[in-house]
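The chains carry the letters A, B, C, D, E and F, assigned in the order they are written, with residues numbered from 1 in each.
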Amino acid sequence: MNLITAVIKPFKLDEVRAALLAFGVTGMTVTEASGYGRQRGHTEVYRGAEYTVELLPKVRLEVLVDDDDTDDVMEAIVRAARTGKIGDGKVWAVAVSSVVRVRTGERDAAAV
Amino acid sequence: MAPLDTGNNAWMLTSAALVLLMTPGLAFFYGGMVRRKNVINMLMMSFSAMGTVGVVYVLWGYSMSFSGNILGGLVGNPFTSFGLAGQFPEFLGPGGAETAGNSFDGGSGVTSMAFVAFQLTFAIITVALISGSVADRMKFSSWLVLSVVWVTVTYFPLAHMVWGGGLLSADGPVGRHLIAPMDFAGGTVVHIDAGVAGVVLAFLLGRRKGYRKDPMRPHNVPFVMLGAGLLWFGWFGFNAGSAGNASGLAGLAWINTSTATSAAMIGWLAVERIRDRHATGVGAASGAVAGLVAITPAAGFVSPIGSIAIGAIAGATCAWAIGLKNRLGLDDSLDVGGVHLVGGFVGTVLIGFFSTSTGLFYGSDGRQLLAQVIAAAAAIAYSGVTTLIVGLAIKKAMGLRAATDDELEGLDVAIHGESAYDLEGASLGGSGTLSHVFGSRPPGESAPRSTHQEVTA
Amino acid sequence: MAPLDTGNNAWMLTSAALVLLMTPGLAFFYGGMVRRKNVINMLMMSFSAMGTVGVVYVLWGYSMSFSGNILGGLVGNPFTSFGLAGQFPEFLGPGGAETAGNSFDGGSGVTSMAFVAFQLTFAIITVALISGSVADRMKFSSWLVLSVVWVTVTYFPLAHMVWGGGLLSADGPVGRHLIAPMDFAGGTVVHIDAGVAGVVLAFLLGRRKGYRKDPMRPHNVPFVMLGAGLLWFGWFGFNAGSAGNASGLAGLAWINTSTATSAAMIGWLAVERIRDRHATGVGAASGAVAGLVAITPAAGFVSPIGSIAIGAIAGATCAWAIGLKNRLGLDDSLDVGGVHLVGGFVGTVLIGFFSTSTGLFYGSDGRQLLAQVIAAAAAIAYSGVTTLIVGLAIKKAMGLRAATDDELEGLDVAIHGESAYDLEGASLGGSGTLSHVFGSRPPGESAPRSTHQEVTA
Amino acid sequence: MAPLDTGNNAWMLTSAALVLLMTPGLAFFYGGMVRRKNVINMLMMSFSAMGTVGVVYVLWGYSMSFSGNILGGLVGNPFTSFGLAGQFPEFLGPGGAETAGNSFDGGSGVTSMAFVAFQLTFAIITVALISGSVADRMKFSSWLVLSVVWVTVTYFPLAHMVWGGGLLSADGPVGRHLIAPMDFAGGTVVHIDAGVAGVVLAFLLGRRKGYRKDPMRPHNVPFVMLGAGLLWFGWFGFNAGSAGNASGLAGLAWINTSTATSAAMIGWLAVERIRDRHATGVGAASGAVAGLVAITPAAGFVSPIGSIAIGAIAGATCAWAIGLKNRLGLDDSLDVGGVHLVGGFVGTVLIGFFSTSTGLFYGSDGRQLLAQVIAAAAAIAYSGVTTLIVGLAIKKAMGLRAATDDELEGLDVAIHGESAYDLEGASLGGSGTLSHVFGSRPPGESAPRSTHQEVTA
Amino acid sequence: MNLITAVIKPFKLDEVRAALLAFGVTGMTVTEASGYGRQRGHTEVYRGAEYTVELLPKVRLEVLVDDDDTDDVMEAIVRAARTGKIGDGKVWAVAVSSVVRVRTGERDAAAV
Amino acid sequence: MNLITAVIKPFKLDEVRAALLAFGVTGMTVTEASGYGRQRGHTEVYRGAEYTVELLPKVRLEVLVDDDDTDDVMEAIVRAARTGKIGDGKVWAVAVSSVVRVRTGERDAAAV
């Protein structure tokens, strides 16, 4: 099993989810995140003091997938999340040694 | 000219303050209903109306509403009392400031200053009401211009027609030939007027990006309810103050205002419970506002039992009308049409049934009902046509709609350069850097221009 | 019948509006104190009381409180002034609407409409006060029924007994044989009454799931303080308005209200600082409310120095009583007992010492003190017994408590189908999908029934 | 002694309640502007001033402000009316409570109780205003002491000098030899006074940790705007109530208050738009407050057109002054100096131009202008010197500044043992454990002492 | 060392923490998360429009443990987090190449 | 490639970011987190009931780096995040099998 983590623009979440569903992946875990990178933030002004908000809102997805599906799922996420503008984010994969479904105790492929 | 009655005058001063508070109340009622990214913009539309209309009313608004009669009763003369000239006659006289403003209005011993104050607050909130229709997508500069132009072209004439001795008053054609249309506190001038304007502007602006696709649920329901609470409170000034004195009529209007609101809340919640399975907080707040709207024209003309009926009918009808809007596909975002146009119309027309002096249910003939329908229709027509003209003109001149990117990012950051909340624990909250303190900028160095900078990779 | 005094009438209209605002204020005071998942439900209990009691009061509440005397002084006749009949005698007369409601109450030249308005707001807030005890776990439909039944069975009779010439008034047995019990603005009728009812209902409902195990800390302390601020403001109407006119007595009540509140806040914070090491915001808000409660019965009877003493005693006593409650293990969730019963009792009894006309400290004998204790005990007994009966009846008929799953999930989503806040940055905030627009449903297709669907794996 | 005028008295009671509400309003205006970790502390500074000053005013504050004249007109005698003695002469008389407080003030038939109530609220808010300067870093116990000492040493004497027949009144040297300085509602006593005190205390306290490095942006902009809305509403009591009656003068002050505020909001937003590129919500709120401040001394002396000018000038000047502060490097955290000192000064001085009876623009000579400058300068000097002494004394005795760790952690948790919000979804929200219920502690066992325990690894 | 990540129902956090403590694991890092999966969301209704909130609140735990303890700790978490109803979540393990305690610079087993 | 995860005290975020920048690492993903560990929480009191808030606010950083840089970057983070007091946090590294930049599809070293 692999764990694919994707950091994407928040408004792309729905499209990515649809792409995953189309691929047959029905589960994922989502966290709010913020990203620093090449993309620049916006400025806010309060009583004559200007702040640059450099941490940009991102969404972080985690998807557990079979080894065989890993590349395809990454590809699917990348395609769905792309806008072509700076800040689109990253997708990466890490090897998972074991997975358990809490409800049933099923392991690995059966767990997701 | 009646001598000063301090009791009546105190009540009018109090009422004016109460009505003024309604606009911040409305700001929260609306602000809680939009998404988090637009809440400041929503609040700013109401607050800025307090700025622009507050100045304009004193300059030419009062005069256009109540001074003289030009264009055949369509409007007052903007120059007669420009800057409230002549409304405080003793002001510069030998008595000096001590007697300033002691000129009286009507027969109640209320000073004209108190009357102006009261009227001023009505103009402000009428403009602010419209903002609910254009939520989340209007250019702020265009809103500022609209607030000034619309109040001048649409509101002041209508106020004149109904309250200033104009076309829809007892002295107008309907009043002379049929029976005087009844509007106790502004069902036509305020609510139908703003409701129509909202619908027209929502139409001109088009739908929000993501309409019917993205969830656009209220970001802060307690704010919606806070706003409703402040509106209910302030509305006692609006309606009971419209008695023009602190008499039993004011008391009756007070009771009817409260009772209709209670009944409308129940009516709305009942519809929700049956149709949507849940009686919601937004529904309670909306139902209360619908009741307040509907009883506005009727508050001094009906019995408490009548007000219960009017409230219940209005609450249920508005809840139902909002569903209808969904069917029409018009993005009247916060339902100014569904609440103020429909509620104002329902209240105005039901007077024809429930008026204890002239209503059908009290044995009178249908003349009042007819007069009410005519007045409501006239208000709809006048507001519709003038708003359309004003809206199209501004659209042509400067555009009505915010840039798409700004709309997607959220108007708070894009237009106002602010985020509403910074509620993170200790962590990311304050994150960012102080990039500039304007007062400390060496003169000559100019501020960076663009807000959204992207460097190329 | 005294002629209209516009000044007194203006003050009563203003006071009524102020008291009406207290209920939304209370909603926020309570709403901020519960967990995030129940805030809308908490707000809805107050707002819905504005709906139900607002209607009921006009129908039979006023009549049961102030019209006639049946059951030996226990209650007024609900039919005499049903729907406020007869309270606006000139209303249908030739003068028409213009003189509507000009019937006067008492000798102050206050119209009966203003008096009704004022009293109406008291009934609403008394019911709303109870909601603090049943927080986080009561069925909303049962609350709605309770609000109507309880106000009818418990509140109206007690209001009649104390203010309507009934058993606890100057004309009652205590008044005739001993000395008239003093209750300036509702220490017995409102606070002891609601406090006892809260305790009884908390007992009938049982403890919240996770009581003493899960942390149940306030989810929004600023809301608690906002609520306290609005309560303090509105309470000037409550107490100073209870003078029934805009005389010096009203001014004295105003001063005493403010002063006792200040002193109680300090008293409460002092107890906290010593016992808990921290003077908290919730404590400042609670202390203020305790002071407002305690001075309520005494506001017009004591000197400003006396009010400082009453406030300080009440603030410290209530802070201490809340600790006591923890020892008893009764889940009176937001301390309606600890604040309103204890505070109301303290204030009622201290009149026996501090009344400048009849108090022990002013050289009088103990008759007033005795009368106060009797009146407080009678109110406790009456409210306790009737609330127990009403509560048991509703429990039997429809249940009092929300389903366990609903309680765990949170009443906002489970019962009202709403979440209070959607404050996420740009990210998960709006997440979800628009699954249904009711107005656009093809007729015939019915809404899905269950809220919590689980499909099998 | 004029007979009771219920209308005027009603208006003063209402005004007093309105002004009282300003302090919670201010608490939110300020509270929204600080970082999340300090919001409760910010609210508590205002609320605690309602506690301490509320008691002190009744004890010796009123007496020092209005009873007699000692130290050559510097201050009243604190003992003459200690505890409001003698202000309700009939109170203990045969009429008993019914006529309590019926002693009248001035010629308007207003009872002294209403007058005291009105004045009491001014003292409270003046102290609360200062808290903006010391935000985020002041020891709470020192704040409590300061509130009592400062109001006694600085505020009461200044109130006496200006309104109590003292040095800066018509009977003082300036009044006798030049012309009476004009201060309608407290430009000197309240705003210049608090503004100077804020600046002095900010200087004594030093800058916040992370000043100019960490972002310190408002954590809740809607709260800032809510506060501004409540302030605007309450200010009608402040200014129109300062007429002392419900006459046309009150109406004029009402109108001018509203108009100046509208214009100032526009003025401030215009500066922001040009200088910072964005018209912000905080700016709208701040501009409104700047306008309210500036019109305070002038409200009853200028024409509506004059009030527009004063407002616009004040809005723009204060927006600009706040930039200037940034240049000076003084950490007047929430700009009490920039808004209240500058706004109060601008308003006080502009009377010299715009007063319709004595202003330069109305053909009078410059005597009024000179008198205004003298009065403003005297207020600045008196407040500056006394605040410096009081501040240094407290600093020496107990320190002014919170511990550095407490400041970094946030004063809410460190000092008040509370977090403002617990808004997490269902997840971490309530996390934590109920570690102690104080009421249930077996007697004898003492509470754990330290809040921040670290065990060694 | 392994990193165990668990996505569980929020109200189970306390029980899981107690189980870990019983096992001798005293540290962990917690993030709020949301999950899509088989478990269905709830609906909310505003002014006649019904939204399905499909992202369900979850809590995400990270625990660094020695290789030997990994299976037992996973087992302990699964047991404590189980309700038997859909949506109980997943637990997985990933190999960690090195760990440092920031305060002391201690590495690997000594770091946790 | 490796993924370095650091759990640190929130107010250290800026210093860590500066240290990373000095090292040439310009991107990272940040999440709010809470930590249990040796560090004790604070107490809060409401109406006579005292709560111990044991979950302490932390910030969680993720940085993708080349294998060669891993140790140095970990070292840099540790140095910048250290206060020497309990609760400074942990830093760990996990091997990543592949990384993609969403915008361009570039992989691995080129992706960050």
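Keep this in mind: a residue touches a chain if its C-beta (ideal position, glycine included) is under 8 Å from a C-beta of that chain, and two chains touch if they have at least 3 such contacts.
Here the structure is a predicted model, which is why all the values come from computation and not from measurement.
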Out of curiosity, which chains are bumping into both chain B and chain F? A, C, D, E
Using the stated contact rule, I'd like to know whether A-D or C-E comes out ahead in C-beta pair count. C-E
Averaged over CA atoms, how far is the centre of chain C from the centre of chain F? Could you give it in whole Å? 51
Once you find the CA centre of chain C and the CA centre of chain D, what distance in Å lies between them? 31
Quick check: how many Å separate the C-alpha centres of chain A and chain B? 45
How many angstrom between the C-alpha centroids of chain E and chain A? 18
For chain B, residues contacting two or more additional chains: 5-8, 10-11, 14, 215, 217-218, 220, 226, 275-278, 280, 282, 322-323, 326, 409, 417-419, 421, 423-424, 426, 428, 431-434, 437-439, 447, 451, 457
By the touch definition above, chain F meets two or more other chains at residues 11, 30-32, 34, 38, 44-46, 48-51, 55, 58, 85-87, 94-95, 103
Listed in rising order, the residues of chain D that touch chain F in the complex are 408-409, 413, 417-419, 428, 431-439, 447-448, 451-457
Which chain A residues qualify as touching chain B in the complex? 11, 34, 38-46, 48-55, 85-87
Listed in rising order, chain E residues that touch chain A in their complex are 2, 6-8, 31-38, 55, 58, 60, 70-71, 74, 77-78, 81-95
Taking the complex as given, what residues does chain E use to touch chain B? 44-51
Counting only contacts in the complex, chain F reaches chain A at residues 1, 3, 17, 26-32, 64, 94-103, 105, 111-112
